[in-house]
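My questions all concern the structure below.
Order of writing sets the chain letters: A, B, C, D, E and F. Residues in each chain are counted from 1.
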Amino acid sequence: MSQRSVATVRPVEEAEATGRVAAIFADIKATKGIDFVPRLWKVLATNADLLESTWARLKSAMHPEALGRVSKLDPLTREIIALAVSATNGCSYCVNSHTAAVRKLGLDVEALGEVMAVVALFNSTNALAEGYQVEPDVFPPAE
Amino acid sequence: MSQRSVATVRPVEEAEATGRVAAIFADIKATKGIDFVPRLWKVLATNADLLESTWARLKSAMHPEALGRVSKLDPLTREIIALAVSATNGCSYCVNSHTAAVRKLGLDVEALGEVMAVVALFNSTNALAEGYQVEPDVFPPAE
Amino acid sequence: MSQRSVATVRPVEEAEATGRVAAIFADIKATKGIDFVPRLWKVLATNADLLESTWARLKSAMHPEALGRVSKLDPLTREIIALAVSATNGCSYCVNSHTAAVRKLGLDVEALGEVMAVVALFNSTNALAEGYQVEPDVFPPAE
Amino acid sequence: MSQRSVATVRPVEEAEATGRVAAIFADIKATKGIDFVPRLWKVLATNADLLESTWARLKSAMHPEALGRVSKLDPLTREIIALAVSATNGCSYCVNSHTAAVRKLGLDVEALGEVMAVVALFNSTNALAEGYQVEPDVFPPAE
Amino acid sequence: MSQRSVATVRPVEEAEATGRVAAIFADIKATKGIDFVPRLWKVLATNADLLESTWARLKSAMHPEALGRVSKLDPLTREIIALAVSATNGCSYCVNSHTAAVRKLGLDVEALGEVMAVVALFNSTNALAEGYQVEPDVFPPAE
Amino acid sequence: MSQRSVATVRPVEEAEATGRVAAIFADIKATKGIDFVPRLWKVLATNADLLESTWARLKSAMHPEALGRVSKLDPLTREIIALAVSATNGCSYCVNSHTAAVRKLGLDVEALGEVMAVVALFNSTNALAEGYQVEPDVFPPAE
């Protein structure tokens, strides 16, 4: 037996999925244009309500066109934000997943380095602003 | 006397700056096209080496054109990353500063909401991937 | 004019809300049994899709009974989790909001201290486990 | 030689423990009702004062009954808080350990999903409150 | 009435403290050599067990000499670590408190800038190591 | 094929490095007094500007003597700060790297435990100060 399991719960495999879970698995693959269900979703399927509400949120934020909405952000920008958040939080699963996504959307290794330079920079300036407790400059609220 | 100081150290005001600090203050205003020195830089000026190395890093990551480099990321994308990192870290100074920057670069309140939707989403999926300790799906390393 | 705005965007006040936003504001008040719309929701209303998807997620996770679901977690436990997450992340708005919620649900100041003792403890043991890079003990995945 | 050590320091194994360390190891097993010393404690034993003060803190916060105190929080709620903090911080060792603990205390996979839904939700609303710098609603301090 | 309270709970003022709380307040002032009880401790006093266990931990880690122990770390190094952790976590109360402490121990503003330079640097390299998911170089465990 | 790559990008090996990258690799080894290039730098070399600006920042903060500057912080204190930040952020690569560095600079396992005790303590008091939203005590800004 392997000493390292794939998660703290046993994922629901595609072959086992029925009803609502199977329908969401199918929607994930169709919406994302991929031929497998990423492991995170198979894990979330251990609670169908969690799977459903997480997928609804992701579809709304990342695939607005699938819901008939026009977005002001392009797909690459959205995936870059996802990668920036995941690098900042240090989430292995998420960094791997969103690096693959930005690569698929055309970001090359050189440009990935530019993204990381910005992520690294602001993790340091955030620490400086907090470390010196700098009060915000005054800007009017955005209307 | 105000009970709340603007920082844990007394900022170096523009009128006091001399030598290396004055030169960097001037470069900050010129490079960013603004007519004041943001408070963070006035605080960092309490240690000229810190001011210099932080500004060199920011100039490299955020103003590559000022260094004669061609970037694959546009300025708005870079500021969006900065905002995503700052929101994730909960840095007040930084959120205020980068919200002002994305607004100046044309992002309206509706689109800001789209950015925040993505930032919020991935802070939650990061927690899920970590909370269930999901092992990464396998992707080849990017070349 | 106050130097501190209430947010980086101008909140949508209840009196201004129409259509989808007004309906969600009404649902928030009815579901939570409160007579005002908390400021976070008025800020999210600057992007109706963000308001809608965030509220849908919160309703699913925190008010399952309003969706006809039977939950294995009681409302106080859910609010305690919210407070633990918010204290860990250092989110002012959220700590204030969830402290008020646990108080309303009957947690007294003494018991709040017990919650904080646990939150504080595990923020320290998390740092120890990470600071020494301790490999997990082996447990079977939960079925 | 394995490329992956179990920690950055060599843990103190039970067979090696003497004096104060052996006594604390015995108390850990007795208080927690387990038949092994979890690896974190074996690592902390490399500094007996650290082991002692960490265990004292954990015993106080998590096993008040062992100290003759009456707690207003039940053991499952305390372990759920531990899991929520650990998922938010992304601590592998801790998530594994506290998932095992909540499972042993009777939380099934479905209910674990409810916990994770709440943890995920508030990691996202925390990012929104910070990302928009929403000022707290006004509540009186808890007495 | 002020709109901003000093905490989510009403602190226990020195004049109100009795018994165990009064004794700990006295020990805090004597051990730290200060003539007031910092607000954090007055807040923790709302739960005497929390106050006691937190103070025991702090005394053990920060004032080993008061417990008759010989430490290999000097007081300034310990306060610098406290400041580095607090800046990284973005804790206002703590940054203010530990900046005052390092100042009192003789660290000048120039040297504070050196500390912040290191804190800022490693918050950025941490983000890079996580953002690229770099596997650790191999080192033997410390004996 | 291994299921776990060493990073999300293919590192630039020393044998492949040319021009600016080779020069920085040589400077890293000479400045740090080591005979290999740590993996993080080989990964950053996938974008030469990122490698250059990160190394310039690290050299300035960690090796001021190599730049002819006199520092008020000794090398061990700087590495201890690095370790404290990395433990707080939970960065595996960084904890491993800086633990090796403090060990090389003479910190023994007992003293490492003292560092970890301080890091752990303030991660818990940070959570308490945030969890109760304690307002800072008033101190004058450092001059």
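To be clear about the criterion, a contact is a pair of C-beta atoms (placed from the backbone, for glycine too) under 8 Å apart; a residue touches a chain by one contact, two chains touch by 3 or more.
Being a predicted model, the structure only gives us computed values, none of them experimental.
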Shared chain contacts [chain C and chain D, defined touch]: A, B, E, F
Interface copy of B-C among C-D, A-E or D-F, judged by whether over half of the contact pairs recur: D-F
Chain whose average C-alpha position is farthest from chain D's own: B
Cα-centroid distance, chain B relative to chain E, in whole angstrom: 27
Averaged-CA centre spacing for the pair chain F and chain E, given as whole angstrom: 21
Multi-chain contact sites of chain C, meaning residues that touch two or more partners: 6-9, 44, 49, 53-54, 57, 60-61, 64, 86, 88-92, 95-96, 99, 109-110, 112, 114, 116-117, 119-121, 123-128, 130, 132-133, 139, 142-143
Residues of chain E that touch chain B when the two form their complex: 90, 95-96, 99, 109-110, 112-114, 116-117, 120, 124
Residues of chain B touching chain A in the complex: 4, 6-9, 36, 38-40, 43-44, 54, 57-58, 60-62, 64, 71-73, 77-78, 80-82, 84-86, 88-89, 91-94, 96-100, 103, 107-112, 114-115, 117-126, 128-130, 132-137, 139, 142-143
Residue numbers on chain C that touch chain F, as the complex places them: 83, 86-92, 95-96, 99, 116, 119-121, 123-128, 130-133
List of chain A residues in touch with chain C within their complex: 3, 5-10, 49, 52-53, 56-57, 60-61, 64, 69, 138-143
Complex contact set, residues of chain F against chain A: 8-9, 44, 46-47, 49-50, 53-54, 57, 89-91
